[in-house]
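In this document, chain identifiers A, B, C, D, E and F correspond to the written order of the chains, with residue numbering beginning at 1 in each.
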């Protein structure tokens, strides 16, 4: 099994969720995060003094899937999260050794 | 070493923390997340217009442990986080290649 | 490629970011988390009743890097995040199977 | 006797000033109400609009508005005569010579009038919230408070053609509230709804206000200020009949709000299944707007009914406007416009001097002028500087694009 | 002379109305205080309760309460006579004929009285917060404001048996504040504590209020309104003695609050090690409640002491109630009940007309009636529709279950 | 005639009390303004300071301050005579015998004066926010309100040497506002800036206030209260001339605030590129402070200009103080000090009785005394108990270290 972690622009969340649902992903977990990268922050003035906003709001989605869904998943994310502008984000894939569904105790691919 | 990531219902946090402490887990890191899964969100009316709450509040706990504690840990989480109702959450296990304790520089199992 | 996840004290965020930037890390993702560990929480009185703050505010930084940067990265984090006091935090290293840059579709080390 | 004229003059002036201060505080009420009903990312901007519009209203009404509305008005006239500033204060001699017919300070009159202008303008800011450019709005405020409002104010309160036509509007259900709503409606039509408010399939998406305690605070401050709004509009206090009248106005104003709140709360509970707080707040305000056209003639019981009907009207009105894709984040058009019209019409039940024809004349006359004049001004602004935020600015929030400040910079938002 | 009677009538009526408006604003103060002291998830609901209870109080008191309390009362009576509405206004003739004995508008009297009823009811909402069903609460409000309060109000202020028994309560430490606290206590006992408030081993868990600026705002608004509450209770202003009396009341009211605040702050600091803001707020309110029974007879210095003792009492009272597992999220029972009793008793120090027996009679009489009658009503509600939220609704928060609205929907909570 | 003296006495006393209540509410305004302009982690502490300082001011002024300022003052004196409490109330006989020269209650005078003392002290809390120890601040409050303020107040309003020197300050641009600013400046100099406010290379870092609706609410409440502050300072209302004067004061006060707000908003927009709400708020307050020295003599138009200049001054003043590394989180020194000085000087334009020498004498005299006396007190506190939070306490926030309470415990902060 794989754990796909993707960082996207917040307003793309609904699109990505729908794209993933369509290919049969049943669950996902979302976290508000702040990103630092090629996309630069901005500078504001407050009472004449500067303050720099280094970190930009991003959303992190974690999805556990069976190995078979991996390519479809990557495609779905890439297509749905893409705006073509810098800061669109990243996808990270790690290997999952085990998954357990707490309610039932099921493990492995059945649990995702 | 393993990294156990578990998504649970927020009000179960204290129970899980205690269960893990009991079996000797010394530390953990908690994040507020929003979950999407079999447990469906709800629909509210605001001024006569509908709004759908797709994502439900969940809590993510990350615990780094030595390999030996894995089974105990999974058991402890399953038992303490279980309510038997849909939405209880998941446990994900990944392999940890290295752990460092920043304060001392210790690495490996000593560092968790 | 590696995914380095580090938990640090919040006020060290800027130091760590700079240290990482210096060695050429181009991006990172930051999450507000709450930590439980050897560093104990504190107890406050509110209207004469006690309440225990078990969890302390921490910051989690996730950085994806090529394998070559791993040691430098660990060093940079250890040095910049260290205060020598309990609660400084941890670094976790996991293996990344794949990285995709959403905007361009680049994969692998080019994408981080 | 002369000494008593002096005392009464002082008392009536004081009454007028105190009532005026209460109305002034309504500017704060609108600010809080609106900042509670918008999203966090547009809060600093709506606050900026509110503090600025109040100031602009006072300045414009000092410079030209008061003159247009009250000085040099020909009885029954439609067109205003222009001029500046607010004239000279009453002298002691002239006041005493009047034998009590001049009974309050002219300065207190300007003060009491100007806070009404600000109220009308405050109504607009809520309806166009979360998507309009700050400076376009402020320029509109200059025109509304300096020209559009004073002209129609002159028509009734200045002694113009609507006064002749028998239009009766005690404290301004039409002259202030419907006026603000008409200007708001014109703006909303040219501006369009907030991004994401209406789905492609006729779907209405809720965009919840971010801070309910602020919205409630705003409602209470408005209610508090409304005692000045209606209570001061009796204009005189210093004898038994007048004092009784003012007391009646206080009682009726209060109970109309109560009726509106309870009626809207119950209706919302029945209709939506939950006790929607925002509808209750709108219900109270609708009750207040409705009674404003005549808080004096009816009994307390009757005023409660008029307010309750206002509350019952406002809920479906809000739902209906959404169906028509007229996006009004705070419900200002329903509260001040629709309930205002109800209030104007309801005058005929209690006040024998009012006629349905006179009231309809007032509604049509005021609405037509304010709506069309506002539409013209909004249109000019739209085609010159633009009135709508860019898509991106709207997405990020007006706070960043317009004020460079976040309203709640430290609080994590989800 | 007749003209001066007219002027004085106008002045006294105006004074009464202005004081009444200040008291009306206390409804806003309670709303803010309570919404600052509860958790975010129960905030929209407590706001809904507060805006609704004020409205219900005004309506019920108009329909039946005022009649019960003031009309057709036999001197010294215990049982009320029933009737509706608020009677006719004074005529000019009758007022002039009275030679100044009739000195303010009857409408202003209803207005001033009704805001006191709302105050009493506001006290209840804080104590039962975060776990009571909205509609059960509102039904209770109907009964308290329509019957329970007016009956005991009649006993003293209407000229009933407590007035005869020599019970002295200037502005209502007992009639308003302890009354509210007694009704609240009955409700809390039947309702039980919030989930998680008390641990199995006698442990008291803190449940911090979510918004301290709101709580502080509420305290300030209450303090502000209290000048009307006590200041207006002199009932007359229009001669030197009366004006001096009103001024004395203002000074004493203010300084009692100061004494209460400082005393509670210092005590909390010594006891708990930190300057607990919420205790300071409660201390100020306890000072205000304590002085309310007699803000006129004592000197300013003495009033400061009475307020300070109120502040010193309220802190251990709050701690003690928690030990007794009487869960009162905002401290209403301690502030309005315990400090109220202290205030009623303290009247005997300064007012030679008051006796300890008379004061105790008042305390026992009012408390017994309000507590028992309320207990009965709460019990009926409990066994019919239920008064407590389901465990799950309480866990998720009353906002979702009762109002369908979140108070702070965009702000992430931890 | 005697009856009319009674009525006028009652009316003037009532006017005084109502104005005083409005000023009292300014304590709430400062609390909200300051808690909106600091960071969340210091909010409960700044609230505690604000509620406490008001109480301390009232107590100290009752105990000794009022005596120092008004009782037993030798005309033209510099040194005060000491004594306690506030003297006896006017009797009916003496009042009638005065033939109207005694025209309001002495108690109402204490009440009106004491809220001014609290205002002066409120100014200090904002400037030293986010890094000063709570109890050191409160001890300072005891000295300022019990001694430092009353002494210089005596100099002008008590009939001391500044009154003789022809210093003219209607409602206290200098005596209240610059006084507070001078005490604040002394404190800030000994206290140093907040950690992280100034970078090593002359860099000024912004530390945004956490809650803009609260800051705006505070500004509105201050504005509202200022009608009492200036309006009551006419001291008399009960004849045509006086009533006209009070009305003029209301109009001028209001329009000066408007001028200040609009001027500051436009300047900030031109200078910084965005419509900085906080500068607009400061601009309105600067306009109010500026007009306070003479809201009576000028026309409304002229008052608008004076206010606008206040708004134009305050923006660069805030920027300049930052360049000088004088860290004032809310801009209190600029608003109350710099704009105050402008206001004092501007009196000479409209009031023929005022001279530039007299005004400069007032500025220098008051500033020197308050600044030096405050510096001494702050220094003693610094070298005994310490005035600054430990580095760690400052980092974690004053709420935890000083009050043990978080202002927003449930809201996630980023």
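Everything below uses one rule, namely that contacts are C-beta pairs under 8 Å (C-beta built on N, C-alpha and C of every residue); 3 or more make two chains touch, one makes a residue touch a chain.
None of the values given here were measured: they were computed from a predicted structure.
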item	value
Labels of chains that are neighbours to subunit B and to subunit F	A, C, D, E
Repeated interface matching A-F, over half of the contact pairs identical, chosen among C-E, A-D or B-E	C-E
Selected interface, B-E versus A-F, where C-beta contact pairs are more numerous	A-F
Subunit D and subunit F: spacing of chain centres that average the CA atoms, whole Å	32
Mean-CA-position distance for subunit D and subunit B (Å)	52
Centroid distance [mean C-alpha coordinates] between subunit B and subunit A, Å	18
Residues of subunit C whose C-beta touches two or more other chains	31-32, 34, 44-46, 94-95
Numbers and ranges of subunit D residues touching at least 2 other chains	4, 7, 11, 18, 208, 211, 217, 272-274, 276, 278, 404-405, 408, 411-412, 414
Overall pattern in which the protein chains touch one another (line/ring/star/complete/other)	other
All touching chain pairs, where touch follows the definition stated at the start	A-B, A-C, A-D, A-F, B-C, B-D, B-E, C-E, C-F, D-E, D-F, E-F
Subunit A contact footprint on subunit F (complex, rising order)	203-206, 208, 271-274, 276, 278-279, 315, 318-319, 322, 331, 414
Subunit B contact footprint on subunit E (complex, rising order)	395, 400, 404-405, 412, 414
Contact set on subunit C toward subunit E in their complex	34, 44-51
Residue ranges of subunit A in contact with subunit B within the complex	3, 17, 26-31, 64, 94-103, 105, 111-112
Complex interface listing, subunit A residues touching subunit D	11, 32, 44-46
